[in-house]
Every structure is written in C-alpha cells, then in structure tokens.
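Note that the chains take the letters A, B and C in the order they are written out, and that residue 1 is the start of every chain.
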Amino acid sequence: MACEKKRLAELAALVQGELVGDPEVLIGGVADFDSAVAGEITFVADLKRGARLAECKASAIIVPFAVTEISGPAIRVKNPYLAVAHIHALFVAEPFVATGVDARAVVGQDCHIPAEVAISPLVSLGNRVRLGRRVTLHSGVVVYDDAVIGDDVVLYANVTIGHHCHIGNRVIIHSGAVIGSDGFGYATDGNGRHVKRPQVGMVQIDDDVEIGANACIDRATFGKTWVKRGAKIDNLVQLGHNVMIGEDALLVAQVGMAGSTTTGNNVVLGGQVGVGGHIHLGDRVMVAAMSGVHNNLEPGTIVAGIPAIPHKTWLRSSAAYAKLPEMVRELRELRRQVAELSEAINPGEDDNLGNNE
Amino acid sequence: MACEKKRLAELAALVQGELVGDPEVLIGGVADFDSAVAGEITFVADLKRGARLAECKASAIIVPFAVTEISGPAIRVKNPYLAVAHIHALFVAEPFVATGVDARAVVGQDCHIPAEVAISPLVSLGNRVRLGRRVTLHSGVVVYDDAVIGDDVVLYANVTIGHHCHIGNRVIIHSGAVIGSDGFGYATDGNGRHVKRPQVGMVQIDDDVEIGANACIDRATFGKTWVKRGAKIDNLVQLGHNVMIGEDALLVAQVGMAGSTTTGNNVVLGGQVGVGGHIHLGDRVMVAAMSGVHNNLEPGTIVAGIPAIPHKTWLRSSAAYAKLPEMVRELRELRRQVAELSEAINPGEDDNLGNNE
Amino acid sequence: MACEKKRLAELAALVQGELVGDPEVLIGGVADFDSAVAGEITFVADLKRGARLAECKASAIIVPFAVTEISGPAIRVKNPYLAVAHIHALFVAEPFVATGVDARAVVGQDCHIPAEVAISPLVSLGNRVRLGRRVTLHSGVVVYDDAVIGDDVVLYANVTIGHHCHIGNRVIIHSGAVIGSDGFGYATDGNGRHVKRPQVGMVQIDDDVEIGANACIDRATFGKTWVKRGAKIDNLVQLGHNVMIGEDALLVAQVGMAGSTTTGNNVVLGGQVGVGGHIHLGDRVMVAAMSGVHNNLEPGTIVAGIPAIPHKTWLRSSAAYAKLPEMVRELRELRRQVAELSEAINPGEDDNLGNNE
C-alpha cells in the first residue's frame, strides 16, 4: 500500500459519511466485496448485496444510507461508489518520483523541461516542447514540435501528441492514443480525385481529462479541436477535426464523432455511438449505446436508435420491431376481411370500395 | 519454405485424410487455388470450385469428401480448411532463433529472462518482468513492471502489456494492441464531476489466445479481466474491465464489450457487435455482426439486431422494415375503408364505431 | 509560412478562378472565415455565409460563382473547397529536408536507403527494407523485413509496416496505424478449437493513399490485400484480409470491412459502416454512416440501414419506425372495429369471418 493505515473515523470524515461502530478500526486498503480481508474496507452499492453483509470479511464496509440495520464497523454514505473512489485514491496514491530525463530518451532543441519529471527511455520529444512539473512520459511516447504539456500529466506507452497540441493539467492518456493526427478533409476535383485540405489547427485538452487506449483525436482544419475540463474519453473513441467536447462528458468506448460537432457539458454517449458532423448536443444529453445522432439535440434529451429518437419511443418501437412479421400477417388478414365485408354489403361492387385515388 | 518437402502420403496421414493417387508426390508448400503451381498443394473448400479442378496447376489438391470424381494426386478430408491449416502450418513453421536481448532494448531491474529469447532493439521491459522461453518481442513493445509472459509468446511491434498482467503460453498479440489499460470507471459527485475509481486489478490472457492489432483489453477494477484458452480476438476489439471471455471464443473486429460481462465457451461475436455490461452470454452463443446485446443469453442462442432478438425473427423483421412505408399507407387505407363500411351499416353514427376508449 | 507571398492574380490562375478586384493584392496564407486577418485569403463555401461577407477581415476571399455581388478582392470559382485546398497546399508546402538516418534509429541488413531521406531516432527497420526518395519516418515507426516504401512517403509516429508489404508513392500513414497484421483466419476442429491458418500474403498500398491513425489493414491469407490509388482511409478503420479498395474511395472513421470484399472506384463509406465478407461494392456506391452491407451492390447505389436498403426507402422506413407503437395500437383498434362490423352484418357467426386458414 502506498499510504499508511487510517482510522475508520478519518475515512468517514473524508467522505462526509456517518460512522457506525468502532472509530479506531485501522484500515490499510480497499478491496471488492468478495475478496476483501481483515485490515481492508469494502463496500456495497445497492441493497441486493445487503443480504450478504454477514459474509463480509473486511474490517469495515461502506454502505448506502438505505442500509440501516448494520452494527459496524461501517460508513453510511449517500453514494458508496463516490466514497470508495475517494478512499481508494487515498490508499493507492504514490508520491511522484522525479527520475529526470533518461539518457536513452530523445530530446529535441529548445525544449522546456523542469527538473521534476519522469521521462522514460525510448521517449521522443521534438523541438520546443514544453513540459509541466511532475510529468510522466512512458516508453514509446512521441511528442512532436511545439506541443505543450501541463503539470501532473501521465502519458502511457506509445502515446502520440501532435505538433502544437496543448495538454492541460492532471491529464491521463492511455497507451496508443493519438492526439493531433490530421483531420479527414478533402476536396474532390472534377475527376473524382480527393485533394487533401491542409489541417493546420491543433488539439487542446483541458485539465482533468482522461483519454483511453488507442483513442484518436484529430487536429482542427483551422483553429482547434477541444476537449474541455473533466471529460472522460474511453478506448478507441474517434473525434474528428474541430469537435468540441463539453466539460465532464463521458464518451464510452468506440464512440465516433464527425467533424465540427460540439457538445454541452455532462453529456453521456454510450459505447459505439456515432454522431454526425456539424451538429450540437446540449448539456446533459444522453445517447444510448450504438445509437446514431444526425441532428441537434436539446439539453437533457435522452435518445436511442439509428437514427436516434427519444429513448422512451425507441424502447417501444424496438419491442414492436420484433413483432413486425406478425403485423405484416395481421395487416394482410385485415385486408381480406375488409374486402369480404365490403362484398357482403355491396355485392358485385369493386373491392376497392369508394376509393377515389 | 521453412521445412523440407513432404511426401503426399505423409500429408494425408497428418490430416487423417484419404489419399488419392500417387503417394510419392513431393510437396514443398501451400498456395491458393488460382496461384498454386507445380510442387505445391492447394485446396477447394466447396463443390462450386470442384468444377474447376481441371484448371488446377498444383501437384496435389485437398478436397472435401463430397468430391468423389477425382483421380488425384489428392487428399480427401472432412474439412479442407482444417486440413490446409495443419499442412500449411507445417510448411511455414520456422525454428525459433534465440537472438537474446538486443543491447538497444531497455531492461528494468530484477527481470527474469531465459537465454532462449529474441528481444528486439527498442523494446522496453519494466522491473521484475518475467519472460518464458522462446519469447519474441518486436521493436516498440513495452512491458510494464511485474508482468508475466509465458513460453512461445510473440508480441508484435508497439504492443503494450500493463503492469502485473499475465500472458499465457503460445499467445500472439498483434501490433499496437494494449493489454492492461485502466478500465473506464468513475463515480460522479454532486456537481457532475467524475472521480476516477482506481483500477487495481490485472488482465490474464490464457494459453493459445490471439489478439488483433490495436485491440484494447482493460485491467479489472478489482480482480482480473480474463481471456480464456484458445479465444481469438480480432483487430480493434474493446474489452472493458472485469470482462471474462470463455474458451475458444471468436470475437470479430471492432467488437465492444462493456465491463463485467462474461461469456461461456465457443461464443462467436460478429464484427462491430456491442455487448452491454454485467451480463452473461452462454456457451456457443452467436451474435450477428453489428448487433447489440443488452440481456443474458442462453447457451446456443443465435441473435441479431439492436437490441438483439432471435436471428430468425430478425431476418423477417428486417425484411418487413423495408416495407414499413407501404404498411403505413395500407393501414391508412384500411382505416378509411372501415370507416366507410361503418357508415354504410350505421349511417350517421360516430365514425369511431363502438369505441369505448 | 512556408512560401513567400503570392499575388492574388497568381492564385486565381492556379485555381482557374475568376479574379475580382485588385490583382496585385499580396496574400501570405489561408485562414478560416472568422479568424482570417489582413494578408490572408479566406473562403465561403455556400451562400449562407455570403450575407456576412462585410465582416470578413481577410485581404481576399474565395467565393462560389453563385456569389455575384462582390467587389473584391476575390476569386470566384466553381468549388471553393477545392480552390482553397490547392491554394492552402501551396502556402503550407515545406521543402523536404534530408536529415538522413539518425544514429539512434535501428537499421537491419541489406536495406536500400537513399541519401535523401529523414529517418528519426527510435525508428526500426528490418532486413532488406527498401525506401524511396524523400521518405520521412517518425519515431516509433517499425518497418519489418522486405517491406518496400515508395517516394515521398510520410509515416507518422508508431506506425507498423509488416514484412513484405508495399507502400506506394506519396502515401501518408498516421500514427499508430498497422499495415500487414495477420488476417483473422482459423479453421475449427471437431473439438471447437480454432487452428490458425497461416497468413502468407501481403498488403499493397498504391500511390496517393492516406491512412488514418490506428487504422488496421490485415495482410492477405494468400495474395494481397490491396488499397488502390487515391483512396482515403480514416482513423480506426479495419480492413480484413484480401480486401481490395478501389481508386479514390473514401472510408470514414471506424469502418470495418470483412475479408475478401472488394470495391469499385469512388465508393464512399460513412463512419462506422460494416461490410460483410466476400462481396463487391460497385463504382460510386455510397453507404450511409453506421449501415451494414451484406450483399453485392450495383454501381451508383446509395444505401442505408442494417441490413442496408436503398437510402430513400430507409429514410421513410426509419421515419415510420418511430411510429411503430402507434401502428400497433391502430392495428389492434382496426381488428376490433372489423370484428364489430362483422358481427353487425352476420350476428352470431364466428368473429374470424370466412377465415379459411
């Protein structure tokens, strides 16, 4: 464990929870319910697990306020996930160790590199790169000319940061992610040949953003592609040129967003969602996994489907979809019955009774 | 060719096939039907190509048992693809050449590295990494601290193996794949900000697994993300934290699987399939390409669509989908006809005859 | 700016446009409408922005012919995007600087490397690699044995080129892309185990192709996977073994194409499109984003949906989809009404009037 043991009372105070039982219990780490042992704290997030509390071998447990019949040691909180995130972060936090710039790293000219960094072997920095304090660059990271990287940033193995891109503070970028590749922009000539449009903008990643493995964020054609503070972007996500992602967004794995699309704050896009170009998703928009959005969405809208429709409608439409073959049969049968009724009422007349079309 | 020529009789015995014609024909390699020349063996997998057997320039041919009118040299087998896979493997197998650890590779402290390995220049190994025998690591591979890699493993260029991850024997991982990136786990506070949940588990890849280029497999939040023996995972697949993939699964390119989902053995997921979190797919489940699965599936189920429904239903529903505009028209016309009939029977009454709603 | 200033008349001639106003205006660069300043040229692509021409601070503007009321300085053209692409390319073009092979790059045996190249530190070339003139290889690039790379090629950081692959002239490949990973090919034995089929073909990329970040193009089982002249492939695209992409194709991000599928020229596949294996898409086929194609498509076809249907039908079917719950209700109501009418005409008879089924 990276930090010393903590008294349960301290942990309860940290997460503004209600202490139940002995405040002096010493906790040295966090584990999940089934593997936690003495000396650790664990948690249950819902009441279903509540029935299994007796099985718990941890020295303490974090439970939602709804769990009332507990004798402790425990911490009752509003949001167990949030409490455990804070407590776990406390235990796993490692002090930054400044190893400097390894001799086997490549450093260009006129770079600004503080003493307090950890640059691994086989990292490559271009010219005029500016690094913040406590930056950690793992092997295989390539940072191009004129990129700027903030404080406390971690770039994992084989991450690429393109020229002139700006990375904020406390940003985490996982292995293989590419920030600042050229946008996909061409103009097509009279012969059907595609002429590349120079992509001269950059990418700006603001503070506290996390970007997943092998994700791709293209630089802008002009200006910037922009991921705002606190947005979390999962593996293999694709953001086109000039996209702007609002604060505290969640983009689940394999989302693709076409060029020049922007979002408000706190949007949530499920896995494999596709969003067309040049549209805007308002604050708090939620898009169900695998949906395709082609139009602007008002703040707070929840949608699903390809093309995306209101989520509640989609639930009913998708249920009906499975019954389409039956509907086709019923429609055919109704046509037959109506024709028979018509014949019974007006014998000999045209089947297509009264049809003026 | 990596191995010497083989007698046709030897090859027939290898694949338990029925030899047709001269057993002494010497074969030096495998090629496909259209490019095979003298000295090579080729194959036809179905009867359609059977009609073209006369065009074949190879010295021998592998055919399914259903091909009866063949004078050879040939090998008749149950499954030509399987036979050719075994025979081709024989010809392309290269003896392992232990080049040791190149001086331009980076090796951390306290690693366990047998003499019989091939570590290329520009590979980076962390501390306490354990390698098996006959491991091949290509340039740009980064293996983090405490990772364990089995015998006969090949990691292609720019693969990343995260700390504490375990890779079994005979595993092949293609370029750019990332094993052990952090899972996408956050707890959201009252201000809508996402607090990172530490991802302290690992990834375990069992024997005989193959993982495609730029695929991503996240480490577990707690415990392990687990890919079991013989599973084959294609390019750009995403597996979330705590996913468990059963033995001999086939996951085609760009599949995405959300956290904590598990599968039985021999499942087949088509390209771009999405699977939601915290569900289970039973043994032998098959999911058609581009489908989305949100619920548990019983063993042997075959599904398609978003959301996924039984494949047979989906085939009919998707056919009906193209006729939806026509159904809308027919429904409108039926309403009109029924209203007219109603008026004919009960003149002057409300159109909406007898509707109690 | 990479090139000296140009007279507006020169630029107009370059793009065969109609000069409006002072031909002697000097232009030093290109910027977008909102950020352009004196000394730069900008453009409007459509008439909507035409109304804002007075706000433009650029020294000249490129407009479509449809904009007639303009006093200049301006260039009127048929296709402003195309004109600006050509003019912008002129300004950003940098002369190639041959830095040779950095001492920290790794070069195998018997490579053919002209003097006029720029090979960065931490590049790895295998044996017998052949490079063209003015090739630029960025850090982390790995080129395997026997690969051939044409003139004026740029491979960005961490690109992998597999053994025996051929890259044409003026090809650009963005960071993390993998060319020549093994195709996903197995034969399954009687126990459900997957036996790897050797993938002994290669990948051929023709002239003027651009390939996006973290895209994957598998080598052929036999023969070649082939991307023809001028095709543009976006980030995270997956091409299976033996795929053939025709000239001047556009494959938007995250497209996936299964093995042995081929396309004609000038096809356009929208983002996240999936294409099944062993089919052919004719010239100029267009597939809407997120669609799934399972069948051959005739030249010029425009399709959408999963499975893909004619785009016009899909527009109406997808509109009807949102009304499915309503259709279910209407159908139920019609059944009730028809039963009532039937009872009114033939009291006491079976509801299911005349149904012979």
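Please note the rule applied: contacts are C-beta pairs under 8 Å (C-beta built on N, C-alpha and C of every residue); 3 or more make two chains touch, one makes a residue touch a chain.
The shown structure was predicted, so the numbers you read here are calculated from the model rather than taken from an experiment.
> According to the touch definition, list the chains common to the neighbour sets of subunit A and subunit B.
The shared contacts of subunit A and subunit B, listed by label, come to C.
> Please state whether the interface between subunit B and subunit C is built from the same residues or different ones, using more than half shared residue numbers as the mark of same.
Different: when the shared numbers are divided by all numbers used, the fraction is under half.
> In angstrom, rounded to a whole number, how far apart do the mean CA points of subunit B and subunit C lie?
It comes to 25 Å between the two C-alpha centres.
> Spell out, as numbers or ranges, the residues of subunit A touching 2 or more other chains.
122, 140, 158, 176, 214, 236, 254, 272, 305-306, 321, 323-324, 327, 331, 334, 338, 341, 345
> Would you tell me which residues of subunit B are touching subunit C in their complex?
Contacts found on subunit B: 30-32, 35, 79, 81-82, 84-86, 88-89, 92, 104, 120-122, 138-140, 156-158, 172, 174-176, 210, 212-214, 230, 232, 234-236, 248, 250, 252-254, 265-266, 271-272, 289-290, 305-306, 318, 321-325, 327-328, 331, 334-335, 338, 341-342, 345-346, 353-355.
> What does subunit A use to touch subunit C in their complex?
Within the complex, subunit A contacts subunit C at residues 106, 122, 124, 140, 142, 144, 158, 160, 162, 176, 178, 181-182, 184, 186-189, 192-198, 200, 214, 216, 218, 221-223, 236, 238, 240, 254, 256, 258, 272, 274, 276, 292, 305-307, 309, 313, 316-317, 320-321, 323-324, 327, 330-331, 333-334, 336-338, 340-341, 344-345.
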